[in-house]
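Below you'll find the structures, each written out as structure tokens.
Shared chain: chain A. Partners: chain B in the first complex, chain C in the second.
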Partner chain A sequence: MSIGSPGSTVGVEDHPASAEPVRTAATPHGKSPSRIAFDRLRKDKVAVTCASIVVFFILIAVFAPLLAKLEGQNYSTFHTDLVDEFGYPTISFSPDHWFGVEPKTGRDSFARWVYGARPSLIIAFLATLFGTVVGVVMGLLAGFLGGWVDRVISWLVDFVLSLPYLLFAIALVPIVESMRGGSFNLTPQEQAQIRFYVLIFVLSFFGWAGLARIIRGEVLSLREREFVLAAKAIGVPTRQVLFKELLPNLVAPIVISASLSLPAYVTAEAGLSFLGVGLVEPIPSWGQTIAVATNWFKADPLYLWLPVIGITVLVLSLALLGDAIRDAFDPKTRR
Partner chain B sequence: MLYFVARRMVSALSVVLVTLIATFALFFVAPTDPAGAICGERNCTQQRYNEIKANLHLDRPKVQQFAEYTAGIFTGRDFTTSGVTQHCAAPCLGFSFKNDRPVTEMLKSRLPVTVSLVAGYAVLVLTIGVFVGSMAAKRRGTLGDRGLMTSTLVVSSVPYYIVALMVALYLTILYPILPRGEWHPPSENIGKWFAGLLTPWLVLGIYSCTSYARYSRGSMVETLSEDYIRTARAKGLSDRVVTYKHALRSGLIPVITIFGLDVATSLGGAIFTEKIFGLPGLGVLVLDSLNSYDLPVIMGTVLVASVILVAMNFLVDISYSLIDPRVRLT
Partner chain C sequence: MSDNNTVRKVDSVPSGSTAKDSGAPLLQVRDLKMYFPIKEAAGLGRTKKVVQAVDGVSFELKAGASMGLVGESGCGKSTTGRMITRLLTPTAGEILFKGTNIAHLKERELRPFRRQLQIVFQDPYSSLNPRQTVSNIISTPLRVHNLVKKGKELDRVQELLERVGLNPEHHNRYPNEFSGGQRQRIGIARALAVEPEVIIADEPVSALDVSIQAQVMNLLEDLRRDLGIAFVFIAHDLGVVRHFCDQVAVMYLGKIVEQGSREQIYGAPQHPYTQALLSAAPDLGTIRGVPPKERIRLVGDVPSPIDPPSGCRFRTRCWKAEDICATQEPLLEPKAHSSAGHAAACHFAEPKVDLTAATA
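What follows is the complex of A and B.
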């Protein structure tokens, strides 16, 4: 085994198999499993296409104010002059309003659409983040410590998984609102804010359990392996065993679970908003727009189709990307 | 076996008990104001507020309230509103003051809708879904299989409510190819009942068939590569006998597990279908109660749905060990 530069010290030469293995582009060995999976993913055309679409939506969400400014409109300004006395918009695609205006209020559709990408993505990413962190920690603790910790956490997991999640999400909304003084005493802005946090809480609360169960199972088999026993034998503290020894071996299930929960959360957020228990005005959201637009679908199909296309394309590409990521980490699944 | 059943039973009951406590705590102990919510914000006088509070026993200690609620589930209880006493019969899940009816009665009137919906759905996924999945597994790797699997993946990745909404708006209203979703009790007119539920069944069923096809394909692919299948073929059994008698029987086991939980979830979670097709089921009841802040109804529905889910979990666990002798009873 040769070590990098010719001037390397004798000491290193003496211990060729020492700590750091040499990784150069020429040596095919020594790729980490994540690296291999990533390489597989890069060759997957579907995955690359979906990833670019997802990035496109993220860019839209990030630069929503800029895009709206580029158009020269604002998502909350009413243009009552642009709707007739029945509430139908009098303009469609136009240089001033790129996607026309909403029925009744006459707010700019394009601005509302780009801003609508924001809550979906923020809620989905935050819920995934919280759910993943809690799930991993709980799973690690349950699997590694065993005993009563395991029993308590496993029971909690079973408990959460046996709750009807959609109904609980719906039920939590009025409870949290009345804790804050009832929906009548809240300004729309406050109510929208509360709904936003309730959604993140509900989604992550029901999201961690599945991952915790998977992680627990993996840890149960990993903790009997030699490298963990060795680490324990030389007195590595538990925390370090958990996060330095076990965690790197759990990257695959964590990444897979996170990438599959993203589309699920986008779907759930928009679905709850569609039912009227998710986001509310004045936060523009696609799900809520769909609910309103069903009343206008004959007269103003564009109003309905904008958010429908937004959600469908975003969820579809997130889901297909998640599926591709799973295949890349675990090629056995595709048979 | 008996020990296993007993242990599962205890764990199921513990979940039910905690769900009961948790929902009760959420609705009545948390700093919420159920009496205020029932009384309404606009024309609520102090006298009416106090009366509601007394009738609901909200002025008593929380533990006593909980004991009364729990006792009501088993023995029933009485409620008094503005001088009139109403009896809430045995499985009493509380009293809806907005509607002046016991919650149990309201749930009972909505249950046939949701059950009809889920029953038709169950038939569709178990026949079409499993059939398509095993067909694909038999032809694994062919163009048809790959096309089918790709399309099921794509379909099941689109949010369900979008599909349902588009079908409802475009195929039943704008271009009335399919009958509109409506509810008619089957006892009145079975033909109307069927026609009104046809579209929701088809949409819900066909959408979910995609994931069932994927499950059963995966499970069948595994089973078909087992040694005993090879033996069966070597014995000279016909292809049909091998596939449907030998392979499908054990290949279906994981699918049945998922199916059990799925049906239980759908009973409480067919909200989108009910809302989009205008069927007055349990889900719509919850949404309506939400708009009027009718907390007892929401709580009752959540409780019933949780119990159904836990019971189904328990049944699936038990039947799993009965169907599949390989499962160790630990």
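What follows is the complex of A and C.
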């Protein structure tokens, strides 16, 4: 059993003998796994359609003032002349009011609809951002450091996950308001501001724990992989191991978790606003409009349908996009 | 490899022959122990037990030499290698590198030694970060130890790629674009980047195809000869070790049972376990009609390292075992009939020749 004597040249892979470092512009560039996933995503028709719809809504939210100006209206002016004595709007679609006006107050429906896209998206994106950052950092620390750090963080995760989310969210609004001097002493503007931040806080507070648990598990398995040991053997400092060696390998779970939590937060914001603990006047929001519109559904169905269609289409495309992203990162889950 | 000579000129590291002449050992391992605590539920409470993964291993490695650590799975070979590179902190014992005990140094003090002791891993699929380009993987050690000026890193990376027989133009590819053998070469290039004096090769070829094994072994052989790097070669393949190592240590259940030069171990093994290992290697001669040699068959399983047998650890599977083996632990010492440098840990050690074919 002698495997090649010293100096043997059996089968050594040859590379061109003239292997002088020739660097031409045409040097093929390798594809990173993320790049491959992105390419796969671009070929997915559902993903591209959903992404376009999401981008469409983002553009609506960003350019809401511009769109309202284009129509020539704003979301807060009352048009009492356009509603009858019982509060029902007297006009429907018209060149002045593209989607008609609100019952009772006569405010412009189109302006309120485009502005209503804003809080949903801002809250969903900010809550996802905070939840993801906190979750990733906590998960990395717990998984990599182990020991008491892991025990403390894991206990926190269990604790947060065991709290009743809805109860907590409903209870927190009056608590924070009373801490700020009671709802009677607050201007509507202040009250709306407080609720906006409370919503972001509640959603990200309950959002980080699940991700932290996933990341911790991933890190536990990655940490034993030999490339992490190799980095240690080279003497790479712990922080670099965490953020340069491990974090790039966690792109898939992070992106997937973020893309699935976005639609969940849009729904949650609308749901809480509907229940009366979310956003309040004067900020227009879809959830709040739905809550008011249920009373007028028989007389003015459009008033309800507009925000419902907005939320449904947005959440559906975000959810389908999330699924497509997960499939792109892990082709094995494909049907 | 027709361009051997041109490639070698790239490196200006002293060749092996000069490094080999210095007398003092480069690396000395003394009575190294690694106990892993485990918790077990027993009745109401929990009992703490220890796995004696490595229990008193000692050996020396001269500059430019190569030492083979062989033994079956779970005998503590890899643990020993990981302790030497300080991926694990030994429970007890000394690791002397050029006279400095690095066994219990703090990470900060260990930094300069990290450059001298490198490791090549077994699995080329998990030893490279899938999210980094080859150039990034190989330049990490250069950056961590400030070995190359900023902006010159790519040149050094390409030089290393060429040294291990890869196309230097492939520096911006990702590991998933390479085969197993090529990946192992990248792992070797990463270890070479810091110009180490010792490389721990932890079963570097056992995950590879046999034809690729030969190529990687030849590469390691070239590096040893040209760069004078000393190797601790961990393997369970006796043929590979015989090809590569001057010194061989056979491990069983956390202890070295026999140690000696390649000729002594393969030509006249004294410990029953070594004899059993050697006789288990398949013999190609039988295909050509040569009557098969008597094969020593070991019965039973390796005992648990949580509660190893008293006395000699091999006695539960040994055909020579007598009462003394259970009461008195045999020391690893030279026996009356052994030549210099050959030691075995057995009460009834006796050489048994003719277990392997003569060296080709």
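Methods note: the second predicted complex is superposed on the first by the 304 of 335 C-alpha atoms of A that agree within 3 Å, B and C clash if a C-alpha of one lies under 4 Å from a C-alpha of the other, contacts with A are read in each partner's own complex, and residues count from 1 in each chain.
Definition applied: contacts are C-beta pairs under 8 Å (C-beta built on N, C-alpha and C of every residue); 3 or more make two chains touch, one makes a residue touch a chain.
Treat the numbers as computed from the prediction; the structure is a model and nothing was measured.
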Touching partner for A:Ala171 - first (chain B), second (chain C), both, neither: first
Partner chain(s) touched by A:Ile290 [first = chain B, second = chain C, both, neither]: first
First, second, both or neither for A:Ile234, with chain B first and chain C second: second
Partner chain in contact with A:Tyr115 - chain B first, chain C second, else both or neither: neither
Partner chain(s) touched by A:Tyr75 [first = chain B, second = chain C, both, neither]: neither
Shared contact residues on chain A - chain B and chain C: none
Touching residues on chain A, where the partner in the complex is chain C: 1-6, 8-17, 19, 21-23, 27-34, 225-227, 229-237, 240, 245, 248-249, 251
For the chain B and chain A complex, residues of the former touching the latter: 11, 14-15, 18-19, 23, 26-27, 30-33, 36-37, 41, 140, 153-154, 157-162, 165-166, 169, 174, 218, 221, 265, 268-269, 271-272, 275, 283, 286-287, 290-291, 293, 295, 298-299, 301-302, 305-306, 309-310, 313
Chain A-facing residues of chain C, complex: 1-3, 82, 85-87, 107, 110-111, 114-115, 117-119, 121-123, 126-134, 140-141, 144-145, 155, 158, 162, 165-170, 172-174, 176-177, 181-182, 187, 190, 194, 211, 213-215, 217-219, 221, 225, 238-240, 242-243, 281, 284, 357, 359-360
Footprint of chain B on chain A - complex, ascending: 155, 158-159, 162-168, 170-175, 178-179, 182-185, 263, 267, 270-271, 274-277, 290, 294, 297-298, 304, 308, 311-312, 315-316, 319-320, 323, 335
